[in-house]
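What follows is a set of structures to go through.
Both complexes shown next keep subunit A, but they swap its partner, so subunit B is in the first and subunit C is in the second.
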Partner chain A sequence: MSILTSTRPYRIPGYLRPRPATVLGLAPPAWAAVLGLAAMAAVELASRTGVVSKFDLVPPSRMAARAAGLLTDTGFLTGQLVPSIGLIAATFAIAGGLGVAAAYLLWRSEWCRKATLPLLGVYYAVPVFAVYPILVVLFGVGTAPILVVSVAFAVVVVITNSLTGFDSVPATVTKLARARRLTARQYLTKVLLPAAVPDVVAGLRLGLVYSTIGVLATEFILSTKGLGHFIADAYHTFRVDDMYAGILLICVVALILNVTVAAMLGRIDWRRR
Partner chain B sequence: MTTAETVVPPVVRQPDRTSRQSRIATASAPVVLTLGLVGLWWATALVLDSSVFPDPATAVQRLLVNLESARFLRSVTGTIVRLAISYSLVVIVGAAIGFALGLSRFWSDAVSPLLYAIYSIPKVVLFPLFLLFLGLGATSQIAFAFFSGVLPMILMMTNAAAAAPRLPLKLAASLRMSRAAVICKIVVPNALPAFTSALRLTFGLTFLGLLIVEMFSGVSGLGYELLRNIPLARMGDIIGEVILVVVMALVPVTALRALEGRIHRRYSAGGAK
Partner chain C sequence: MRGRVVSRLVDVQDATKKFGQVTALGPISLTIGEGEFVSIVGPSGCGKSTLLEIIGGLQHTSSGSVQVRGEELTGPRDETAIVFQDSATLPWRTVLDNVAFALEARKVPRDARRRIAEERLATVGLQDFADHYPAQLSGGMRQRVAIARALTTDPDLILADEPFGALDEQTRLLMSYELLRVVERLACGVLFITHSIQEAVLLSDRVIVMSARPGRILDDIAIPLPHPRDPDVLSQPAATEAANRIWGLIRREAQLAMGAAS
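For the complex of A and B:
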């Protein structure tokens, strides 16, 4: 009514209009690339022109060159890169296995669920890395404390996500399963696990991110080898080039790990097929 | 009656919220578990009878002794002040940027991939950059703690602001509400529950970031106190400090959870209002 009687021409308000396909002829992914490259170029320029001291900021081109140099250095590969990636892989495997198993246990036992869920809910409020010093005193500086802290950091996100997955079986499917007289094992393999897969996969992806953070952070705080230690050591000994190259390598490694594991996990996720 | 009961499969649990007994069981289970774990710790300490594995009483006693020292108190208050500053900045800056970004579908699509990419980098390894540019003091620690918490805040608020339901927006359009009125009356109330969840999650991340850099840069603060005791192998002190960290994390998070519950009940879909 009001549209017909109004003298103003009616215009659909902005919050209801569909998203424009392009702004200034560029789609969102193109804008993301432009913004990312512009940031890189700004850093390169700031460093090359001397706005920021070369001792503080290394141009990205030199970071990349130094990182490539590190990748051909066998001492760096066997001493820093491989141990870190190995630890991340081990943490991810342990946290993933433990997490899914623990979630299944919580799903089975009502008491366990009631007892742990409130604690799991506040778990990430507590900085888990605070216990790292305890473990260093108990086990010494080495692989064991890093592994324990990283697993402790990564496992809970796997548990909570997997539990959501186990809870996602529709009640009607469970009723059907009972009507078909499925055994406990059949129920597990034919109903429960397939239903939980998407959430378990989401939990495992987060678990990988948390494993990476856990390993690199503990190496960074206190350790004798690994990528995190390499960066901390480069900082302490004023090797700015090495420090930036290490940071760049970690970004690349984290990105590659995320993309490949996400692709692998995406294959078993029936929702994405 | 009996036939109705046999239809419901035992796997589908319907917790009876009205039953007082089950409420008590729900509340007591986590307490029982916590007490059990503390008991286990105590028993292990008694069996081992080692100076590097003190019992809970010793740890608490060491903490109380430490709290009387002026230097330790300065470290604790320093951490609390830095945490308060960085967390306030996370909430104000992160929520404002995230909300503004979420209002524009195009720009949130363009910027989010970049933010997610930065988010997936293990942020600890970037801390040397903060030290290089901001120096070895409170500024770099606050800045890093802010950086640890602000990205999730932005991302969650972007999603929350973008998730305004379509139907009320259409109603607003037919009522010719102004953009400001739409934001105040529809978008903000709809984003409130997600905002309270983000408040709780980012608190943990900010505290974690702060504690890690205090461990690394080691000038003052709780993180420094924790690491300082490793070479001295003073386990009682370390565990006492970990207990303090847990309390410092759990008190605000419990309050935030209560707030979250209230807001969710009031503003979520299907709520009273």
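For the complex of A and C:
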């Protein structure tokens, strides 16, 4: 039924907070889990029945078993998992802080904005990872070049989104602030920052995704430890079970990080109330 | 007090406003007495809002002088409250905190802030919506929030820029009537911009008709209707006569403005 012929009221007052509709007794979020599990089951089946070679595609149950094994392996935890999560957290913190601060600077200075915005606009057209040979020369192999590449990769999306947020104060609200003679500090804390929060939050959520991609991708090519390196190494040495277990762990880590950070950021986002 | 001007609240003398080479406004001279309700009507783009912002201290004149309570205006003053065309509510704050915003800027202690805001919210009939957010209210309710906020600082002058312009005709007349009751009680001067001749006649002690750009005053019409007003006064002969006179002036200017635009 199209939205035009539907008898469902399409605009419900926000304060009513209706319960989500259910299909076959399940709410939409539950269906997401069902679909995810069904996809896993299909892969399991394809692998077990021999439709796909077990060497090409390991059954998810074996991935999970190997991943669980890795999680009890102290060497793997301290050598691969913890360094990666640490790097993602560091990248996210640096890119987030730097990004919001840079956006505020661009918002303050028309000159800076006009000088840099065209560059920021085409920034993601240039593949950051292509410059990794230069970074190897400059920083060697290890933590520093990973941080540099990942921060460079993640910071711009935070900047552009935060800038949109700072720009989102309606003209009349600024007039109201002037008419009420707010000090510069009051304007910052009572108008500008709260107004920017939803877009800053969106930028930070993307920033986390970019941080994760940046760290893991760079570990593939620039590192001797970390989850990314672990997968690359397993891949090069035909340890298929390890490779798939690593991929599964990456997915789980990224998922947990995202859900946690999104929930934390969602608490300060007034649009989600 | 009403209808009898005690002393001058606002005194604008030969004010002009130029944007680059373009003269947007004036020269214009007008006065608003203490507790007087003055409406401005005029074609779109005639500089009504510019004039309002000049009197509110948000814009400077290019020449001429603006005095409020006998003092030359240099910027926004605390006793002037502005109600903007859109409600200028802050979507991240509850209705109550929106109303308290002006007090917060002035560093009024929290308890006093809350008490005054609740009181003003009741004045506009929104006491049951204190904990709601602006997005949960209708356009008319949001504009009432803005009016409640304007009232928190005990203004002696309220500048309203088409505050009910986005509302339907019936709601607009009811709301402007409510506004009139409130400002009559507080005895503050009002400069009220509107496109509705009915509204202007119903509310005002004087209606000022402005010309197409550059905005000048075409006529300053006293509305000889008794106070307190109620919506029935619109059917009185004096009201009809004033409305016809305003409409005659406006029609010619609107035609001129449309001709200039095409």
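General remarks:
The rule we apply is simple: the second predicted complex is superposed on the first by the 235 of 273 C-alpha atoms of A that agree within 3 Å, B and C clash if a C-alpha of one lies under 4 Å from a C-alpha of the other, contacts with A are read in each partner's own complex, and residues count from 1 in each chain.
As a working rule, a contact is a pair of C-beta atoms (placed from the backbone, for glycine too) under 8 Å apart; a residue touches a chain by one contact, two chains touch by 3 or more.
These numbers come from a predicted model, not from an experiment.
Of the two partner chains placed around the shared chain by superposition, subunit B is the only one that A:Gly36 touches, whereas subunit C remains out of contact. In the superposition on chain A, A:Ala130 makes contact with subunit B only, while subunit C stays out of contact range. Between subunit B and subunit C, the partner in contact with more residues of subunit A is B.
Looking at the shared chain after the overlay, A:Thr72 reaches neither subunit B nor subunit C.
By the touch criterion defined above, A:Gly246 reaches subunit B but does not reach subunit C.
Contact with subunit B, but none with subunit C, is seen for A:Pro28 once the two complexes are overlaid on the shared chain. With both structures placed on the common chain, the touch criterion links A:Thr49 to neither subunit B nor subunit C.
Look at A:Lys175: by the touch rule set out above, it reaches both subunit B and subunit C. In the superposition on the C-alpha atoms of chain A, the part of subunit A touched by subunit B in one complex and by subunit C in the other spans residues 13-15, 175, 177-178. Against subunit C, the residues of subunit A that register as touching in their complex are 13-15, 170, 172-173, 175-182, 186, 190-191, 194-195, 197, 270-271, 273. Contact residues of subunit A toward subunit B in the complex are 2, 12-16, 19-20, 23, 28-29, 31-32, 35-36, 56-57, 110-111, 114-119, 121-122, 124-134, 136-138, 171, 174-175, 177-178, 187, 209, 212-213, 216-217, 220-222, 227-228, 231-232, 234-235, 240, 243, 246-247, 250-251, 254-255, 258. The touching residues of subunit B, when paired with subunit A in their complex, are 7, 9, 11-13, 25-26, 29-30, 32-34, 52-53, 103, 105-107, 109-111, 113-114, 117, 120-129, 131-133, 164, 169-170, 172-173, 176, 179, 182, 200-201, 203-205, 207-208, 211-212, 215-216, 223, 226-227, 229-230, 233, 235, 238-239, 241-242, 245-246, 249-250, 253-254, 257.
Across the interface of their complex, subunit A is touched by residues 53, 56-58, 75-76, 78, 80-82, 84-86, 88, 90-93, 101-102, 104-106, 132-133, 135-136 of subunit C.
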